[in-house]
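Labels run A, B, C and D following the written order; every chain starts at residue 1.
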Amino acid sequence: MIGLLVGVPLLGAAVLLCGGRRLDRGGHWLGTLLSAASFAIGAALFLSMLGKDAEDRAMHSKLFSWVPVEGFQADVAFQLDQLSMTFVLLITGVGTLIHIYSVGYMEHDPGRRRFFGYLNLFLAAMLLLVLADNFLLLYVGWEGVGLASYLLIGFWQHKPSAATAAKKAFLVNRVGDAGLAVAIFLMFTTFGSFAFAPVLSSTGEAGEGTLTAIGLMLLLAACGKSAQVPLQSWLGDAMEGPTPVSALIHAATMVTAGVYLITRSGAIFNGAPDAQLVVVVVGGVTLLFGAIVGCAKDDIKKALAGSTMSQIGYMILAAGLGPIGYAFAIMHLVTHGFFKAGLFLGAGSVMHGMNDEVDMRRYGGLRTHMPVTFVTFGLGYLAIIGFPGLSGFFSKDQIIEAAFGKGGTEGWILGAVTLLGAALTAYYMTRVMLMTFFGEKRWQPDAEGREPHPHESPKIMTIPMIVLAFGSVFAGGLFKAGDTFVDWLEPVTAFEHGHSPVSATAVTASTIVSLVLGVGVAWFQYGRKPVPAVAPRGSLLTRAARRDLLQDDFNHVVLVSGGTHLTRSLVYVDNKVVDGAVNGTAAGFGGLSGRLRRLQNGFARSYAVSMFGGAAVLIAATLLMRAV
Amino acid sequence: MIGMTDAASAGGASAASGVPSLWTVAAGAGDTLQAPSIEYGKLSPVLIVLGAAALGVLIDAFAPRRARYSAQLFVALAGLAAAFAAVIGLAASGAATTKAQIAGMGALAVDGPALFLQGTLLLVGIVGVFTFAERRLEPAAHGSRVDSFAAQPASVPGGEGEQQAVKAGWTTTEVFPLLMFAVGGMLLFPAANDLLTLFIALEVFSLPLYLLCALARRRRLLSQEAAVKYFLLGAFSSAFLLFGTALLYGYAGTVNYSSIARVVAGTDAVTDPVLADTTGNDALLLIGSALVVMGLLFKVGAVPFHMWTPDVYQGAPTPVTGFMAAATKVAAFGALLRLLYVVLPGLRWDWRPVMWGVAILTMLGGAVVAITQTDIKRLLAYSSIAHAGFLLAGVIATSEDGISSVLFYLAAYSFVTLGAFAVVTLVRDAGGEATHLSKWAGLGRRSPLLAAVFAVFLLAFAGIPLTSGFAGKFAVFKAAAEGGAGALVVVGVIASAIAAFFYLRVIVLMFFSEPRADGPSVAVPSAMTTSAIALGVVVTVVLGVAPQYFLDLAGQAGVFVR
Amino acid sequence: MSPINYVYLAALLFTIGAAGVLIRRNAIVVFMCIELMLNAANLTLVAFSRMHGNLDGQIMAFFVMVVAAAEVVVGLAIIVMLYRARHSASVDDASLMKL
Amino acid sequence: MSFPLLTVTAALPAVGAVATAAVPAARRTAAKWLALAVSLATLVLSGVVLARFDPGGARYQLTESHAWISDFGVRYELGVDGIGAALMALTALLVPFVIGAGWHDADQVEERENSRWRPTQGFFALILAVEAMVLVSFAATDVFLFYIFFEAMLIPMYFLIGGFGDRAHAAGEEEGAKQRSYAAVKFLLYNLAGGLVMLAAVIGLFVVSADSLGEGTFSLPELLKARASGDLTISTTTERLLFLGFFAAFAIKAPLWPLHTWLPNAMGEATAPVAVLITAVVDKVGTFAMLRFCLGLFPNASEWATPVVLGLALVSVLYGALLAVGQRDMKRLIAYASISHFGFIILGVFAMTSQGQGGATLYMVFHGISTAALMLVAGFLISRRGSRLIADYGGVQKVAPVLAGTFLVGGLATLSLPGLAPFVSEFLVLVGTFSRYPVAGIVATAGIVLAALYVLVLYQRTMTGPVRKPEIEKMPDLKVRELAVVAPLVALLLFLGVFPKPLTEIVNPAVEHTLSDVQKKDPEPQHPVADHTDPSAWFDYKPAGHGGGDHE
């Protein structure tokens, strides 16, 4: 049953990718159907799970023994507990919606079949990731989603920028994956196993040092997958992919895998405070980093990407807080899944109407032309900035509270950071909103000189947006009401109440204040006066932020060019030195031969001399041998 | 000579009565002189061959020109075959193992090594005769088929006489008796059991070879030059050998191997106090043995006595080169083995280090210089030098394995060599044999079969597994390693690696480079050369894949009679 | 006087012969020097024969002479052939084959 | 004496080679089909070998033993352990694909030559000859027998490289011919030199065994027995020298940095199928021999050498990968990638853990398959465009999606993506290495990042981007024959990636034997946990919140 969850979309991928052109007509529907099917299965499992009582809701099923080597037993086995179930529903649910959306969005693309194949492949990998019962199988899903994201970012391969972005994404992720691999090595050497159950249940026996090491390695993995500092650089470029992809993979699901990983291996982090601290720091930094970047971008998708980065920063931070944060991290993850997906789909719909224009400075005043998009986008907007009552509000508020709840100076700092983040979020999202839907038209003909004629997207695209909008409005409330969500996850992640120095109400209040501040400033800048069609030079910070705070430049200088020089010099060394030695030896013998050859000068008498000399030496040597 | 030795003992006896005076000895000996007894049966191989050779001379003297060729061919082949049969017979009768003995009044040893080598030599001789008698290669001059020997060696190259001789279609049928004499001497050489016989045998097989070298039909100047060089240097070396013999005689008072060995071992006391300053004088022994060994090393072509080899191999008529390269090595190594194992075992600790040096020089020298050769015959010459080095490694082992491995190696090597040179005779252009390597380019494309065959020979030379060359090399190195010459094995291995390079160069040339427009053509030989080549291939493969039987043979033959 | 001196003399002759081979260009002369070396050997043999009081050495000397004679036959044939071809009996002129 | 299965398996291609060579010049196609048929039959036989092999049984099975050259103590002894059986299967498996992919490689030679020279027959005969020799050396349990074929297989390989090289040469036909013969000679000399060093060691081994056993022998089982029982004692120095002698040869064949420089030339100049033959089949003999002979015969010396070897292996891993990134010729790139992978294999072999060595063995098999896939597709690509330079391509994905797809899969296998076979082996190697030498394990892990780099760079530069060149515009997608060659390999990669169990079951016992030869045990985990394979363990699992650990 659990296996089917993964199997169904995998089948879809196989069929669609190997099926060939004859599937071009119906392929997309098949893909959508299968993902819907796996959602149905997920739902069914969910219901059956609700039937049981909290403690034994977890299900476990072993398919077969994968790599049985002396002392190294890796199984293909699944574990479905509340945590996994949450993800399953999110993935399949949002996934299905986005499948539907894509049917419309990719309508005119020749490679639509391939696209749906990749989407199904992604679903399968992602489900594998969250359903695996051991870290090795998780690793498979982990790289699987990486592959899917590689394929989808580079879906329009004829665009060099897309191909490059895809490669970059994969490579940066690979670095993270290496971290996960090392973590698994450590687990194996420490516990002789890498399955969740035994490892997580015996963390107590391992020394804190080991746990810290493992934790940090896991964090490295999380950073790669969830675009956290210092491995965040790929996410911005990943926006080269089709918008549904950005919505599904780079907003709702895959990028949150890091959060899942940390939450899942909570036991290890709980045993390693230092590791947790690092996690929190990474989360906090990314939170601000993403927000700042998001403030400066004029490309709507990049702005949203920055926002994603920052929101995941929230989650990581929360996860770093330990038992007091896990539940909220996941909760924010889910709500974020809804509204960010919604936002991206909205952005997609806007681009759809604007000849794939992405520069917000060329939008403006679209609310009248695409009302549905406007409304859904607006709701998503309200949700993400944490407008009271909407889902974003609840989840984010919880995290801020938990941040304070960390206690001590840390608590204060974290609280401040999260609040600042909230303000920034409000600012950049408002900015997006205003630049896109309000103000006067700044439309411009595109490269082919086609005037944009903004129009509402077809039903097939708007319906998913509407559904997601509902999600972003009510999900938070549902979860919050009576701590449903926390209780639901408790058996897996456990839950402790943080002892916040400030009261919950105070936190809420300050949240709202910062929110208002952000919106206000944004309105002050972009609402009041018309937006210049070309970006002003802007402050130093702005310019830096436009370039993703220069970290790409840093990578380029240090890694890329450095690496290029290294390889170039190595190639030289290999040809001249290593191989040179070989050829040199040969040449050496050749030269020696040429020189000795001259002795053979053709004169019989000189031959005789050599004989005579030889005889003399022979005699001398013989006598010498006797002498000594 | 037995008479003399008796006389010597008598002299020794009479020495008691004061001054040793020869005539009294002679007088005393006069009545006790009895005729020497010769075991003709045991010596039959040598006698048959030399008889056939003499017959050949008579034929050349009296038979009419037309009849000579076929008559000579028949006599030679018959003689060699009969001799070979005799060798087999002797071996079968156990002369090689249990009934090994000294024959001919101490002059010759009939034992395992001798018979094995004689058998090998006779086969080599037969194949040699085939290549000598080949008459399909040279374009038929004026109707009559000719072989690769000068029409009239006495005539001046390019002179009037030569043209007439060529027009008349004359051929030098003397080569067959010469070959037979050479074979006869070679049969004696490894069997020689005293230094005098050694010297005589040496000359008996050298002189015909000197002449044969001078008899090329084409490029006669080169041929003559080769002959002169070979002759002068050969004579020079044999002078050394002779002087060494004299010194050894002075040391031991006898030239008989076993007697010398006894004196060296100090088992029999000095016969006469007067001789104390000569007999047992180690300076004489060491210098003498060094000179004799040097004479042999010259024949095997060991560095630094190798320098004649390339020139002679290149200049001599190719069939002669092939025969010489194969047979001389066999004979000379046989003699060297006997000398070192029978005469000088007591001196092992003196000559071993020296031979080490020679072996190393020979292996490396041959291999290195060969790299830059441009003439196929010179290339093979240097290769033969390198192989002499490998053989020396086996000689140095100073064990029964050493002997048998060398015997095996010699057998394997000689047939590869014959085959290789036979192939060389086939690759021809307007100027006769095209021996310059550049002309061999793309031969594998023109005539794959021949090139493949030659490649097989080259691989055998290089010692690639599943060829006789590898089995031989392994046997020799194994013996050396067991004999405690591990370092020598390592050097040998390095040398083989270097050697591999130039063998490969030829293969690359034949198969991977484009054929030249003016490239040589491959003559279609008669059955004789074909069979020579075929035999070479067969031996190469058989000894490579299933050497055990022959190893056993060599193993049984691995004991010298004292 | 002790016959050993003849041995020394022989050694001297041998060395002279060898030196001649190395120094002289004319093939005939070179060949003669070789003959000289052979005869040095003969002298040695005879001297030792005298000292050992057995006749082997002397017998050998006879053999050597015969061999030397044979060598002369072959040698002169070859050298003359060379001379006729090149009108020079210089050993050094015969150096077409080298390297 | 039971049915000599191994002999027959190895002899079949040999006979086939002769038969193929004997096909008359005119009947080219017949020769091709004959060769293909023979190789398939061999595949079947090797399948039988696998089937007849009982993992639970004796160490060496299907053994045959006949006297051969008693003077040298040489016997004709065959027998396979799990490792040998697996690699025999790999060889037999790949050759049909090599033949299929090289279907037309000899034709281009054919046109240029006169009729007496029959390249097609020669080409396929040589391939079969190589197969036969490789099979024997995998099955040989007599050191000398192994050595002979280890050396002899160089000759046909040499002709394959030099005689049938890649005609797609940037610098023109003339230069191409030069490069080819240079590569061929370099290949042969380099390996021959190594082999000769080994010859010295082989002789040394004989002498040693003769000294202490009275009767010198080359039989591996006997030697192992003697070693275990202590009858055969080798002085430390001797053992080390002998080890070095053997190892040098294998390290060249493998190849291990810095003895690798022949491989890029050879693989670059040979046609893709031959390149596959080199790296996927012939080179495996080197790593296989390290496992079977170096460790088996000279355990102490192996241990003594381990640090250095590991160091070199690590260098190979990183160095190979970095150089692969720097290549402009895609075949050379793949060659350097292989060097990096051989680094992994050797790492696993000398980590002396069951995961490491098991992984290394799997690695040999899987790397064979994955490189075959990648290299063959690259070959198809090159044959279309007539150039090996990466810069000459770009945007192929648009015109030939299937080709691009298979190329990508091959590439992903090369960077050992989970779900594809190589991942399993690489991960095992890394785990095995890490568990004994953590630092080495971590350094090697950097290799997987670099692997991603060179594969993706290759893919991006060749397949993606706009189509700029007219030659590419009209580039056809994979033909049926080509697809028939590649598809099974891809399928195999997927299958073995998901279900490697059959292979591991065969390999494990052999690895345990090897480990016992070197008297090594896997390092114990610091805090071993209850066997988690029983489901009950799952239910003891307490949620993380409880600080972990207090689960009793």
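Note that a residue touches a chain if its C-beta (ideal position, glycine included) is under 8 Å from a C-beta of that chain, and two chains touch if they have at least 3 such contacts.
The shown structure was predicted, so the numbers you read here are calculated from the model rather than taken from an experiment.
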Centre-most chain, if every chain is reduced to its averaged C-alpha atoms: D
Chain B and chain C, separation of their C-alpha mean positions in angstrom: 23
Averaged-CA centre spacing for the pair chain C and chain A, given as whole angstrom: 97
Cα-centroid distance, chain A relative to chain B, in whole angstrom: 81
Inter-centroid spacing, chain D versus chain A (mean Cα positions, whole Å): 36
Touching two or more other chains - residues of chain B: 228-229, 232, 236, 240, 310-311, 501
Residue numbers of chain A (touch at least two other chains): 586, 597, 600, 602, 604, 608
Contacts with 2+ other chains: residues of chain C: 18, 21, 30, 91, 94-98
Touching chain combinations (by label order): A-B, A-C, A-D, B-C, B-D
Footprint of chain C on chain B - complex, ascending: 1, 4-5, 7-8, 11-12, 15, 20, 22, 25, 153-154, 156-157, 196, 199-200, 203, 207, 210-211, 214, 220-222, 224-229, 231-232, 235-236, 239-240, 242-243, 245-247, 249-250, 253-255, 272, 274-275, 277-279, 310-311, 314-315
Footprint of chain A on chain D - complex, ascending: 186, 189-190, 257-258, 260-262, 319, 322-323, 325-327, 354-355, 358-359, 395, 397-398, 405, 412, 417-419, 423-424, 427-428, 430-431, 434-435, 438, 441-442, 445-446, 448-449, 452-453, 456-457, 460, 463-467, 498-501, 504-505, 508, 511-512, 522-530, 532-533, 535, 537-551
Touch list for chain D against partner chain B, complex: 67-72, 113-114, 116-118, 147-149, 151-152, 154-155, 159, 162-163, 177, 180-181, 184-185, 188-189, 192-193, 196-197, 199-200, 203-204, 206-207, 210
Residues of chain B touching chain A in the complex: 228-229, 232-233, 236-237, 240, 282-283, 286-287, 289-291, 293-294, 298, 304-305, 307-308, 310-311, 349-351, 353-354, 357-358, 365, 368-373, 498, 501
Interfacial residue positions of chain B with respect to chain D in the complex: 444-448, 459, 462, 464-466, 470-471, 474-475, 477-478, 481-482, 486, 489-490, 493-494, 496-497, 500-501, 504-505, 508, 511-514, 546-548, 551-552, 555
